[in-house]
Every structure is written in C-alpha cells, then in structure tokens.
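In what follows, chain A forms one complex with chain B and a second complex with chain C.
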Partner chain A sequence: MSNAQKRLLKEFKKYSNPNNKLSESIISLTPINDNNLFDWIAIINPIETIYKKGFYKLSIKLSNTYPLTPPIIKFITNESQIDRDEQITYQIPHCNIDFKTGEICLDILKIDNWSPIWTLEYSILAIIYLLNNQEPNSPLNIDFANLIKLNDKLAINSIINYYIK
Partner chain B sequence: MEYSRYLNLAKASAIIRAHQKDESFVKDVESKILDTIREFKGAAFVQRGKNWIRILSRVVYLLTTMGIGSRTLGEEYVDIRYVNNNRNIGIRRRLLYVIACIIPLFATRLGNIAQYGKLLSQLNLILFYFFGRYYDIGKRLLGMEYVSSSGEVSKDNTNVGKYKYLGMALAAQLTFQGIVKVKDIVKERQKLVVDIDDNVNEKEHDSEKEETEESVEFKTETPCLLCLSSLENAAAAGCGHVFCWTCVLEWAQQSRSCPLCRAALKPQQLLLLR
Partner chain C sequence: MTDDDEYFEDFSDNSSIELSGVDEDVLGNELSSVDISDSGEYEFDDGPGNTDSSSEILYSFYKSRTSGGIPTHRLKYRNIALDDIQKELEKDVKKVQNMLQLDYGKCLNLLLQYSWNEHKMLDMYMNAPNHQDYLLKNGIYEAKFPEDLSRLISTETDENILCGICYCGPTKDEPMNFFSMYGCKHKFCTDCYIQYLKNKNESGSMAIECPFADPKCHLKITIEELNVLSEYNNKMEEKHFYHKKQEECNLLSEEQIKQMYKLDSDSEFEFDEQLDVEDDFNNTVKTKEKMKIDELVYDFHTIIQQREREEIDKKRNRTIISKYWYNIGSRYCTINTKKYKHCPSPDCDNVVQFIGFDSDIVANIEELKRLLMIPLVRCKSNHQFCFGCNETAHAPCPCKVVQLWKIKCEDDSETLNWIQTNTKDCPRCHSLIEKNGGCNHMTCKSCTYNFCWICLGDWTAHRNNYRCDKYVPNEDSDVSKVRESLEKYMFYFNHFNNQRISHDKDKQILEIFENKIKELQINSGVSWIESVFYKECVNALLECRESLKWSYAFLFYIPNCRGKQLIETAQWQLSNKVEQLSRLFEDVEIGDVIKKKPMFLTIKSSMVTAQNVFLETCIDIFADKHTLKDFVQRWNIK
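After this line comes the complex of A and B, so read on.
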C-alpha cells in the first residue's frame, strides 16, 4: 500500500467514524467506491453562506503523490442524465468558480501554496469559506464578478437561488 | 559425557561473552558500512535501507569469520569452538547458519509468523539459561554446540551456574505474558459476539490494535500530521516542528517550507530525535 493510500485510508476511517462529526455544511465525504481511494465525492450544503439553500456536489481526485500534492477539487456541473440527483444544484454562480466546468480558483489548492497537513475535510471547508469570501479581482466568472463588485445583494441572491430548485 | 577430555562443554557465561563480543564487532562493521553508504548515497538512503544494512553487516562479519571456517572474534576471545557429535562443524552447516541471518529481513512481510519467531527465540533463551549449549535458535536447530578448549572443568554438567535463576525469571515473565494474551483473546471473542452486527466498529478496533502492535518501538501519542499515523523515527525541522523522518524528507524534496509554519525548511537541518 502506497503512502498516499495509507493516508487516504486514515482519512476515510476518520470521516466514516460516527463519533467524529464533520462540519454541518458537509453532508457527505466518501470515496465513490471502497476499492478506489483516489476518487471521492463530497456533498455540501453551505448553510452559513449565501448559497445556504443549495446542495452542491464536488468531485475530488487524488494522485499517488498525495498529500505532497493537493487534491484536484471541482464542482460537478455536468452530471449525466442517469446519475443526476434532483436534490443537487449543478449550476453555481461564483466569481472564482468556472460556471461551465466547475473549476475552482483557490490559492491553497495550488501546488505552491498547498500544505500536506491539510486534509480533504479541510480542503472542502476552505472551499465553503471561499463561497462567502469571493475574490472578484481574479475571476473565473467575469459576469458574476462584476455583480459582486457592484455589491448588489438582491441581484446576487436572486441569481444564486434561480438555479436552486 | 562423551566429549574428549581436552574439550569441555563451554560455560554459559563464556558463550554469552562470545556473543556480546561478536555483537560489538558487528556494530563496528555496521557503522563503517553506514558511513560509506552515506558518503555515496546520502542520509535519506541510509535511513530507508537501515534494516538491509544492519543484516548485510552481520552477514559480512560472519562470512569473513565463521564462513571461511575459522572462529568469530568473540569465540576466539573466550576460546570456544563448535562441535556436533564430537566432530568439527563443516563449512556447509556454517554457511547455512549465515544464510539464516537474512530471515529477520522478511519479518515484516511474514506478519504473524514473525511473532512466533520471537516467541521461539525467547523459549530458546530460557532453555539456554537452564541447560546451556545453544544461545541462539539457529545454532540449536543446526546443532552447533560450543566446547571450550580451556582446562576449566565445571562441577555441574550443564555449565549454567547462576544463569538458571535468570531462566526462571524469564520463564515466569513469559508465562505471565501468555496469561494476559489469552485473557485478551477471550475478551475479544466475547466482544465479537456482542457487537457482531456493529461491523464497522469492529473493523476499526482491529486495525487500531494492529497498529499498536506494529509500532511498539516508537510509540508516541502525537501523530505525524503528514501521514496521520504515530510518529516513526521522529525528526525535528529547524523551526522545531516534528514529523516522521521519511514523511518530512519526502516533503522537503519538493518544498523548502515547513508544512505547519512555513518557516524555511532545510533538509540538512533535520534532526533525528532518538
């Protein structure tokens, strides 16, 4: 078993232990199947952010160099019709999230700023933190960045909630 | 006794002294080999290959002494030699003994069998303290008995003297450990019946137990934040933060800052804590 697998197994055990409560915003955080620890899914309900009404799904991909290299985390925006879950919102308007691909621009998940002491749970919490702390000066979604710059709260909320069922 | 009058069964004390002397020579060889390899391959390589190098040193030492048919330095020092049924020990038996030294290298892969090995060598030691003759299990299996060419004749024919008290103490300790172990197993069984449906919990418990057994040597309460396991060969960075040696070294190859505080991290400043 590689170091990456050992570490991921530790994390998996921690997250699946009922005595160990995850943040209330994280609904689930597990590998897609038990045999492959390099491919995870997280479902979040970011209750303390302006996205609180939505449930979002994130894909987490890891390589054998984890935790020396960061996980690659994306919002899932284009799930096939078969796997689609009615509960999940697949569109998320956010300055630093690519509306089409779900790619996230977050400095701590870039290799130069990543620290191996951060876990998958911590990474997801950092993304939830990013939801309320948008950075319009390095946008992946220019239209939404303009709205944030104008600080038009009503428009911002109505666009976010437009996509949530 | 059917030994010729020149050769008396070696005293337990002499056998132990010979072994201790040999151990210290093996240590010498080991440190020389370590220095040489460190010179060419670096500290990290040495750290990773420590087990190999340790056993290599022993093999080199034994091959150049016992392997060529002469005595080890320790045996020479206390003037003892091997016999088997009154005859000198042949080269084949000696080589077999040297080869057997490699077995501990696979101990981690053998898993449970390694534990039985440990138990057997403890039993062997108890037998030695009571009856003398074979200090290590390889020699017992190969029937490599020591005789002394010095003229001292001891009064009791087992030649162990006061060592039998040590044997008793060891036997008592082993028995006690055995009782505790059996109790544990019984408890485990009962528990298994109780939470037979609580599958996940039980698995968790098992793996935790495995882990404590594995890392008895370097048991520390604080886990390494890099591998999330208990610290193995703790190493301190220049800033004072502690990780496993291999974990932090691997990280230092790609980043020159401490994972915790981002202070400059220089591999040459890493301090192995013992």
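After this line comes the complex of A and C, so read on.
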C-alpha cells in the first residue's frame, strides 16, 4: 500500500466514524467506491453562506503523491441524466468558479500553496469559506464578478436562487 | 589564511562604501545591471587562487577576420559545469555571510529570495527598522544554529505524538524518528519530511517552507538542515543498495562477452580446417552461434548506453542536497541568461559562460545579432548551439532569419505535404524508392536508373560535382507572381527538407556504424585510440549537414546578386564533400575502417575547410553596409 493510500484510508476511517461529526455544511464525504481511494465525492449544503438553500456536489480526485500534492476538486456541473440527483443543484454562479466546468480557483489548492497537513475535509471547508468570500479580482466568472463588485445583494441572491432546485 | 579570506575581509571593511555606490544602480537600472556589467567584475573576482577552475577561453568562430578581411566579432566564452556555478554561488553566499554574520544557509535563502540581486537584498536589510522582523518575514529565524544540528532528528516513543502528514505515531515498542527545523519545532516523521523535500525538489522549488500550515508556517529550510535529512536519507538508502548491486551482477560483463568471442573465433578456426562434406552443416551452426553473440553484443551496448544515461540522472539526483544545488544552478542560469546558457542538448548538464567579445564595436548580443552574426558555442561535451537564441547551431542563417523561416514553414505546411508525397517514386519506372542513406545519388533497384534525389534528374548531369543546388527562375513561363514565389519557396524548402532527412538518415547509419566499431574492438582487439577518429568525422559530417540545411533557408531570403552566386559556389563545394563523406560511411566495410582511416581524415579535413570557406563567404556578403541595411529593412529584422 502506498503512502497516499495509507493516509487516505486513515482519512476515510475518520470521516466514517459516527463519533466524529463532520461540519454541518458537509453532508457526505466518501470515496465513490470502496476499492478506489483516489476518487471521492462530497455533497455540501453551505448553510452559513448565501448559497444556503442549495445542495452541491463536488468531485475530488487524488494522485499517488497525495498529500504532498493537493487534491483536484471541482463542482460537478454536468452529470449525466441517469446519475442526476433531484436534490442537487448543478449550476453555481460564483466569481471564482467556472460556471460551465465547475473548476475552482482557490490558492490553497494550488501546488505551491498547498500544505500536506491539510485534509480533504479541510479542503472542502476552505471551498465553503470561499463561497462567502468571493474574490472578484481574479474571476473565473466575469459576469458574476461584476455583480459582486457592484455589491448588488438583491441581484446576487436572486441569481443564486434562480438556479437552486 | 588564504587569498579568499583576505578578500572577504577587505570587502566587509568597505561594505558601507560599496553599498552607497550601488544604491543608485539598483534603483535606476534594476533589470540590466546584473548581467553584463558584472562580467568584467567576475573575472576580477576569480582572483589568483581560482585559475585552476576556469578553463580556457573559446571563441564562436575560428578566425577573427574572414579571408576577405571582414571582422567576425567573435563571442568569447568558457566551458563550465553546473557544479562550477555552485562554487561561484557559494563564494557569493560567503561574502554575504561575512557581512551579515548569519548562518550560511540563511544567507543563501536571502539571496534566493532576491534572485541573487545581492545589492537589493543588502539594501532592504540595512534599511529595515528591525532586522529580526525583516528576517522573519523572509522565513529566517535569526538565532544562530548550534554546532550539532543532527539533534534536529529525534526518536520518539510518546504515543501522543502524531505526524501530520502520514497520520502515524510512535508506540513504546515501535519508536519513530521525527524531524523539525531549528526555528519552528514543527515535527513530522523523517520519512514524510524527506518525501516532502524530494517532491519539492522535483518541481524545482528552492528555499522550501515548513510543511506546517495551521496557521501557515513560513519558515524556510536552510541548506544546513537539508543536509541533516539528506545524510539521514543516504544512510537509509544504503540499506537498499545491496539489492540493486545483486541485480547488476546478473548482467554479462564486458570481459565475459570478450571471452565468448574468443571461443567463437577459435572454433571458427577449427571448422575451416575440416573437410567439405560437413561444410554446409558447420556453416549453419556457425551462423547461428554468430547471431546469438551478435544479439548479446547488441544488448550489451544498449544496456551500456542506458546505464550511461542513468548515471547522469543519478549524479544529478544522487542526494537531496545535490538535486537542490542542481535546481539552484539551473535557476541561476535562467536568471542570468545573458551570462550563462545551459546546453540545450537533452541530458546535458554543461553550461557556457559568456566572457565578452573579440570586437571593437560589439558590446552585447543584441548588437551582434543586428550585424547578423551567429554566436555559435560548444559545451564541454562538444554540443554546438547558438548563444543568441539557445537553438542548435544554425549557421549561416542569422537568428532572426531562422525565426522567419520557421514561421514560413508552419504557414506552408501544406506544400510540405505535397513535396513529400511527390518524391517517392522512381522518375523512370515509378517503383517505390526508399531513401536509406544521406547521399542524394539514387539508384533505382528495379530499373537501375541513376538519378538525383532532389531534382529527380539524371545523375550523369551531376556526376562530377554532385551539384544540384541552383534555383534558376523560369523567366519564360508566364506564371503569376504568386506561383513563382511559391515555386521559389518550394525549391528551397525541398532542399532544406532533404538535408534534414539526410541528416537523420546519416545519424541512423552512424549509430549502426558505431555499434559495429565497438564490435570490431571486442572482436579483433583494435584499440579505442585507433578507431576513435571516426567520431570526429561523424560530428563534422552532421554539423556540415546542418550548415547545408540552414544555408537553403538563408539563400531563400537573399536577393539575386553577385554575393548570392559566391555563396552558392561555396555551398556546392561543401555539399560535394559532405556527400563524399556520407557515401564513404555508407559503403565502407567494417573490416576496412582502420585501413581507410587516412581517406576518412582527408575527406573530413577538406570538408571542414569547405565549411569554413562557405561560412566566411556568408559573412562577407554583409560586409557592405548597404547590403546589410537593405537586408535588415527588407525582412524587417530589428
């Protein structure tokens, strides 16, 4: 078993232990299937943010150099019809999230800023934190960044909620 | 006390003067001040104690003036290895260390932080209201290291300790080794710390930060601390070494193969004395054995080659420290690209150091480029490349023209396809022809037609001079201008491309040739010294092919004039010799190689002469200021 697998197994055990409660915003955080620890799914309900009414799904991909290299995390925006979940919102308007691909621009997930002591849970929490702390100056979604810059709260909320199921 | 120490002391005494003189320089001309102006100073820096490390001064051309009396404005350079840069940099670090009275690795980190801009770094340091804060901001803990840093590694048995990377902890029965930097005490197990550093090393990071991040620790590891882990890692890896050693023993040694050859030649001797009846049978046995040994020899050579490559890799990655210095050295070359160039040849760690120019009017590379001169240099391993643009050698084509040509070729890649598909049949019987050597003299296997690969014309028209180099504009035809220019381009491109193909084919033939030579050495005891002459012939041949190739790109851009005619004449003389040598390599029986040594060397030296005459002719064409100006304006070369 590689170092990456050992570490991921430890994380997996920690997250599936009922005594160890995850943050309330994280509904689930598990590998897609038990034989592959390099492919995870997280479902979040970011209750303390302006996206609180939505449930979002994130894909987490890991390499054999984890945790020395960061996980690759993105919002799932294009799930096939068969796998689609009624509860999940597949569109998220956010300055630093690509509306089409779901890619996230977050500095701690870049190789130079990543630290190996951070976990998958920490990474997801950092993304939830990003939801309420948008960075309109390095946008992946330019239209939405303009709204944030104008600080038009009404427009912002109605757009977010327009997409939420 | 050595000269060096004295020098450093002097420096620190004068440091205040030095600094005030430097301030303006840094503020006014931050970007360019580092490079060239330093070069003179550097030679001075070397001092008398260091002459041994500086190799001889080399020049980018073999003559300072062409036979026509035109100055060649040669670039002066020196060959060094990446390790030599390390030595230079270590001197810089020591200099700073003497001034700041900080540990060596901390000074190194400061210099890395400021991309070796020592003046700027010192300026910031001196002007900082609080030195300790300033250092901390740069990831440095000021307090001096203790004598023995090995205590940074500790063996732990406390079950409450957990490594934050692997999430493993020690138990009473299974203790674990932990490491932390001197300044922050963030402990991680040694395995994880080493993997972390190796990973950062692999991506070329320097002044690597502590892995702790809750909150982010910005302390940077010093070379002293790295050394502690590097040595620990070496010890651990030595344990694995034993296994590797055993694996290698399973390979046949060169001695063993030689032994087998001896047996083979002995038995051959016996067979020859036997009677005719068994001859056929013996022959098949002999060939079979011979084939088996051929295979072994071939395997042997490929394994040797592979090992050589691995050796280079190992040397570079030998320890965490050596890889770290390798990264520092190559980064330094990219920062100081005007002064140092890393050889572009793959797997080559050599560096060429710029010294100056052998010229009254040229002071920097840009000026040289404006005169359309090409600063060709050779690394320690004899790889030739252009100091101006870091491409492989492209004389006689000036750097800017190379760029123009490349863009043109990309734009016209469709015509390229046309040419390639239209030159595959024999022009007489249309049977498929495979070009297997670099020589352009083709003989069709089905109809024995002798023709020229380039123009597909009868070879008898080329026989005496191998000449097929002249593009003659067809003035009678009433084709449109566009078509004419395309025709012209295709003519030169065709030649260019053929030289490229010939170059690759030559390379292939020479590789086979090389293996045969090695075989010859083992087989008949020909010494390496005796047979090594072919190597210089090979290199010269491949280099001349490159010149010929680029000459077609060059000629495409030169307007019809007397100069162009002179170049073409010199070009066909060179091409004549190149084809002669290429043919010789292709035709010679391996057994005759030593016998034909004088022939190889004669053709080679006349080829090199032709090459020099050719390159000089190409330089002469721009001797006239108007021609140069016209050319530069016409092709918009800045």
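One rule holds for everything that comes next: the second predicted complex is superposed on the first by the 165 of 165 C-alpha atoms of A that agree within 3 Å, B and C clash if a C-alpha of one lies under 4 Å from a C-alpha of the other, contacts with A are read in each partner's own complex, and residues count from 1 in each chain.
Criterion: a contact is a pair of C-beta atoms (placed from the backbone, for glycine too) under 8 Å apart; a residue touches a chain by one contact, two chains touch by 3 or more.
Just so it is clear, the model here is predicted, and its values are computed rather than measured.
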item: Contacts of A:I117 with chain B and chain C, given as first, second, both or neither; value: both
item: Touching partner for A:N3 - first (chain B), second (chain C), both, neither; value: both
item: Which superposed partner A:L68 touches (first chain B, second chain C, both, neither); value: both
item: Contacts of A:S16 with chain B and chain C, given as first, second, both or neither; value: first
item: Intersection of chain A interface sets (partners chain B, chain C); value: 3, 6-7, 10-11, 67-68, 115-117
item: Residue ranges of chain A in contact with chain B within the complex; value: 3, 6-7, 10-11, 13-14, 16-17, 67-68, 115-117, 119
item: Chain B residues within the chain A interface of the complex; value: 200, 204, 207, 225-229, 247, 250-251, 254, 259-260, 262
item: Chain C-facing residues of chain A, complex; value: 3, 6-7, 10-11, 65, 67-69, 111-112, 115-118
item: In the complex with chain A, residue positions of chain C that touch it; value: 164-168, 191-192, 195-196, 199, 203, 205, 211-214, 216
